[in-house]
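The first chain written gets the first letter, and so on, giving A, B, C, D and E; residue counts start at 1 in each chain.
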């Protein structure tokens, strides 16, 4: 029983990560109709916003400490971050400690700018091109972004810890009056879950309660006609792209403490996020979110030992099996709209 | 024989991961190779050539031929690695291939070199199979292996954590992971530990939460992570996040063990490695002369200390050159014969033997622990014990290594 | 007994009863027109005949066989061809290629794996397609990319493609809409000629009364999903209900 | 000729000539010159050009004609490779049975996957194929290790129970793949001055099969079947209402292109008897998509060009290291040399991916029809210049 | 016949124009094919102009050029609407400047209901008729307001397309074959509507295959043939002139 509750928690948590990535992707892929293979790269860049901010906050001046030596036997250079010298060691250390949450604020303008540049500079020429061309160009872009990050940050993962305040786990069991220390869940993952809920809610509200969503949907179905009605669809597409990039970026920032970022993490998530979006159904935001949670929970259950011993390797393929079954049972995924990318 | 050097130079092929998750390790290997070539050609400070027990290398290349090298990208895929190695052999006339950062690639390239008739001096490969069931006459491994990790680590674990422990394994679901799991399990069980469960995790997994929470349901009190690279960083970070290390089970503090450590990658786990035991082939903080010489020349050139992967690649290059010089021939069979059963010292791991029966080096193994108070960004691990070679030696027909045979050496066309 | 017998067909879309109790019999070798106000259910009825929609009730028999439950291509192979209200052609292909496809479908059936035959040397198909293009007065456009034709031309091409299949029953949904008067007249002539030359039954939906009255031998007026009247053209023209609900003053005067 | 039109026959002729002369064409620089780095005329790479050419040509039959974008085609290549290696292990080192088996197995596998996946179209189809391929990859990497040897890949060993043949050669090695005794790896080297041209048996086998594959693909493009496939891409509704069942057409195209992939896989294994699971990964499937689009989807020769392009970068650019750069630029003054090298090294060696990514973007942005379109543009430029020259010549005459 | 008498060829960018809507020397291309060939005509405020010609004559292309759609591309010439240079605008700017086009394929937007299709037209200013007023004009649309626009019957779609144009406050209404697919009674209705619109001062260009009907309604007529203007004059004259009709309209 505890095991099941824990796996549901895991599933929801995983699901919120999937849903968040899929949400950003579906804004571009499901709504603008651009097969954006660079979406994973945006997610990765988001995570590197956290790394970068951490680096910036850690910018240090060096002093030589003659009493200690480095690995070559020379006097050791001791680094003191500027923030610590400016704000005092305590406040400074606290700022550095909180670099991941701070990076959210940092990432929003950065990601929106990246989204704008990407859309204005590149993607806008590809709305009318075949999907295959979009794949080629965004894949190229993803590689380029990835290689740039690799060049500046290396290929290894970079530890990007959450603030100390979020270390440790919340004890659900104790709260519910069960055995303590059995149903525990890390604070940061709970934060991630809440954060995902807020972002998903925010995006939904924006698209639901403004006509923006309808206009973009219409623009994707028939740009020409929307233009005839006096609407500057290009601008809205750009905004949409910016939002999508920001969502991807924030998802990345928040994920950094769970999964130390490296340049490759975008590609690792790419296939999965496409699967989630398509299983959710093209053009449907709720579908993407639902599929994210569904696949997250399924994956968690499939990795339970009891199930694994029954069907070896099921945890490796559950997502794909589920995708196949869902797509065969429902022609347009869970909630897909007719006619969107069906040809 | 294949690619017999005709002109004034001889070409070595360094096949390392330049893309993919192990690219940094590959880059470090490449640095080491370049340094080795420099030293062989008599440039630089000579590095370990000064401390090497064999003195036949004179800094004038190999057998008087200048050493040149070509590089390629394995992409950590056996296919790509073989293609790259083939191009070195077919196009550039490389006579020895070295490098690599995973066992799958090592075994695949070793097989290729066997068929093509060149020598393979493997880089970082830890699976038992490389010199076990997949061993090849033309292939040689300096790096240690999973069995040795287990044999070295188990006594230290028993000493620190007691002999009455219940272990839970998370294992990367591919050949290397399996051999490591098997080795560690056997070694720890021999000392009285029990194994609660061994769970395979998909290679592509990045979120291990659903493999970690079931541990909370068992009475296991040690978690052993048979993971490497990104898997290791993520599973360790997440296990710590889940508060495993703060847990007390069966009245004992819960512990995590990472049997194969890589300093480069441990950085990705940050604080979380502190106090965690593991093993490693070599570490720059060793104080023997060979290590000091190598760290000095590497550190002076590149500004940071070398990794174990760099060390093994450097050493392998010297060993190959030395074997050629001693055999006075580039013929792979002669070189192989010179390496087989060769005993040497001064290359950082103390006295070492290249065993003839399986082409595996036998030397001391380091047990390390994540350092509590690192002095610098490179100072992540501390050596807690140097396990003597006798303790990690096994019979060539040990069941974990059985099944293959070296076959005959192949000098190629 | 007509070649097409529609009995009691009904079709519902959500809250809308698009067709109810439609009974229709089309006699072999006649031209039968379906007219009626917009949204009367004419196209829906056609969709039920070709397998695009499955009626909720009733039966549809073509030449004594039921078409219900068959796929569009099976129905087509039975001998029913259809021209759509908005032209459906192979926009990426040339006019000639467009025309060859129905010829191939006629000859080779629903599927034939003739992957190693060369189309360019298939004189039979080529001649037939060319002849059809000549008949349709489009031969000079044979190499044209069909998507870049004007809409009237697309429609003519589609009619030609359907005729090339030599169907026994040809269903035309507003075939001359958007066609210039001259081409409309040509099309009328062509249909009359084909009618005269071979055994073919034509059901035509049209709002252009000129076309309807030039071609039709019988007319059914559909309104709100049910047949209002069915009669010969002369009677329909003067029918007061039809005048009021559909024709209006100007058309009736024409 | 051969049932081809004149243009197609010429195209086939050109491809045949290129295949035949590739050892010369791809080796333009003397072996010890600084630019020898750019030579691609060594057996392994030439074989790869041919093999991936076959793969891409087959993929193009599906994607270029019907527009169905399969994202799991690498699975067929992988299955082909595994079948071939098993054939070598169990039956004989002759490549013929191995290749036949790989084509057949890949075809059957494609039939199964295609039958299910083709129930959907558009992106839904793509994701279905992707899911199948990723499943195959994941299983091959771990659970199916007894069959696939997992991460390491399926290799020949000294203990293989070869029915028609020996487990070990007299010298104690593993026998090599051959075509009725003609060893695939056998290479004759022709040294002419500073040049060393390599002629490899395996390469010519691959070349012959590429020509055959290419020829069949031309025939398919020009056949009624090919027309139907293009019609599927253009308008399925019309096709249905013209009495044609689209499903068997698309399925046939899917199976044919799966068999091409199987052939490519079988050849890969015949040239180098190893079958790795990564061959089935989505990146491998993505690669063939990129090859096809890059070269020009729907064109006959485009996919072959695209395959050559990508494989060239992967194998040649990745090998240019600092050392090579220094040898190129050492004539420059030190500071400039270092600056130049600093710039260039981002794009070669471990930066080869960056170059590839940039080229993808440039090609698709400026040559929407892929490399083939680039070729046509250049061709037109010349023709126009010719025409202009003629025009100026003829003006005075008027 | 008074074809382009009002201005000289190669007219430069004067900031005023002789008429409410002026098209000067317009040349448009689909890719490399030259379709609208040096077309000029004027439309006065409140006028109905019938634009006639055979299939493929370039009528649709002319309307699309005026509405500044992406294809065909106007490569040369000027288009002025009420002193605004349309030729320097993109389609949405032209629409905001007062152009309303009812395209020949109706372009109902998939995925949107009838009402959403109309609402969409009222997002960008200036806004014209209210939704209720449009439903009064086309009660049929009111009945189907929640239905997906593309599932409407052909005639209903036509109504929706016209309603959508009127939902914006336009100065010029470009109608591409508005009667197509409509029952004769409805055609009568729409004709009446066009008269109402005219009274409100909206200028209309009407492309129609049913030339007689169009000419009866229009004040003036322009006839195109293979992309060029071959007649520009009063509508009545065309109706009266047997030869003209036979030559260009085949009626």
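Operating definition for what follows: a contact is a pair of C-beta atoms (placed from the backbone, for glycine too) under 8 Å apart; a residue touches a chain by one contact, two chains touch by 3 or more.
These are the chains along with the protein names UniProt gives them: A, D = Branched-chain amino acid ABC transporter permease; C, E = ATP-binding cassette domain-containing protein.
Predicted model only: the values in this text are computed from it and were never measured.
The chains in contact with chain C and with chain E alike: there are none. Between the contact lists of chain B and chain C, the overlap consists of D. Think of each touching pair as a link: the shortest run of links from chain A to chain C has 2 of them. With centres defined by CA atoms alone, the chain at the far end from chain C is B. At the far end from chain E, in terms of centres built from Cα atoms, lies B.
With centres defined as mean CA coordinates, chain D is found 35 Å away from chain B. Computed from the mean C-alpha positions, the centre of chain B lies at a distance of 76 Å from the centre of chain E. Between the Cα centres of chain A and chain E there is a gap of 48 Å. Residue positions of chain A with contacts to 2 or more other chains are 313, 316. For chain D, residues touching at least two other chains, in rising order: 138, 142-143, 353.
Residue positions of chain B touching 2 or more other chains, listed in rising order: 23, 27, 173, 200, 202, 204. Touching pairs of chains, sorted by label, consist of A-B, A-D, A-E, B-D, C-D, C-E. For chain B in complex with chain D, the residues that touch the partner chain are 18-19, 23, 26-27, 30, 34, 68-73, 77-80, 82-84, 86-88, 90-91, 102-104, 107-108, 111-112, 114-115, 129, 134, 173-176, 200, 202-204, 404-405, 407-408, 410. Within the complex formed with chain D, the chain A residues making contact are 35, 122, 125, 129-133, 135-137, 139-144, 146-148, 151, 271, 274-275, 278-279, 282, 312-313, 316-317, 319-321, 323-324, 327-328, 331-333, 336, 341-343. Chain contact summary for the complex, chain A toward chain B: residues 2-3, 6-7, 9-11, 13-14, 17, 68, 70-72, 76, 150, 154-161, 167-169, 181-182, 184-186, 188-189, 257-260, 262, 264-265, 268-269, 299-300, 303-305, 308, 313, 315-316. Interface residues of chain D facing chain C in the complex, by the touch rule stated above, are 3-5, 216, 219-220, 222-228, 230-231, 233-235, 237-245, 248-249, 252, 256. Interface residues of chain E, counted against chain A in their complex, comprise 67, 69-70, 90-92, 95-96, 100-101, 103, 107, 109-112, 116, 119-121, 123-125, 164, 168.
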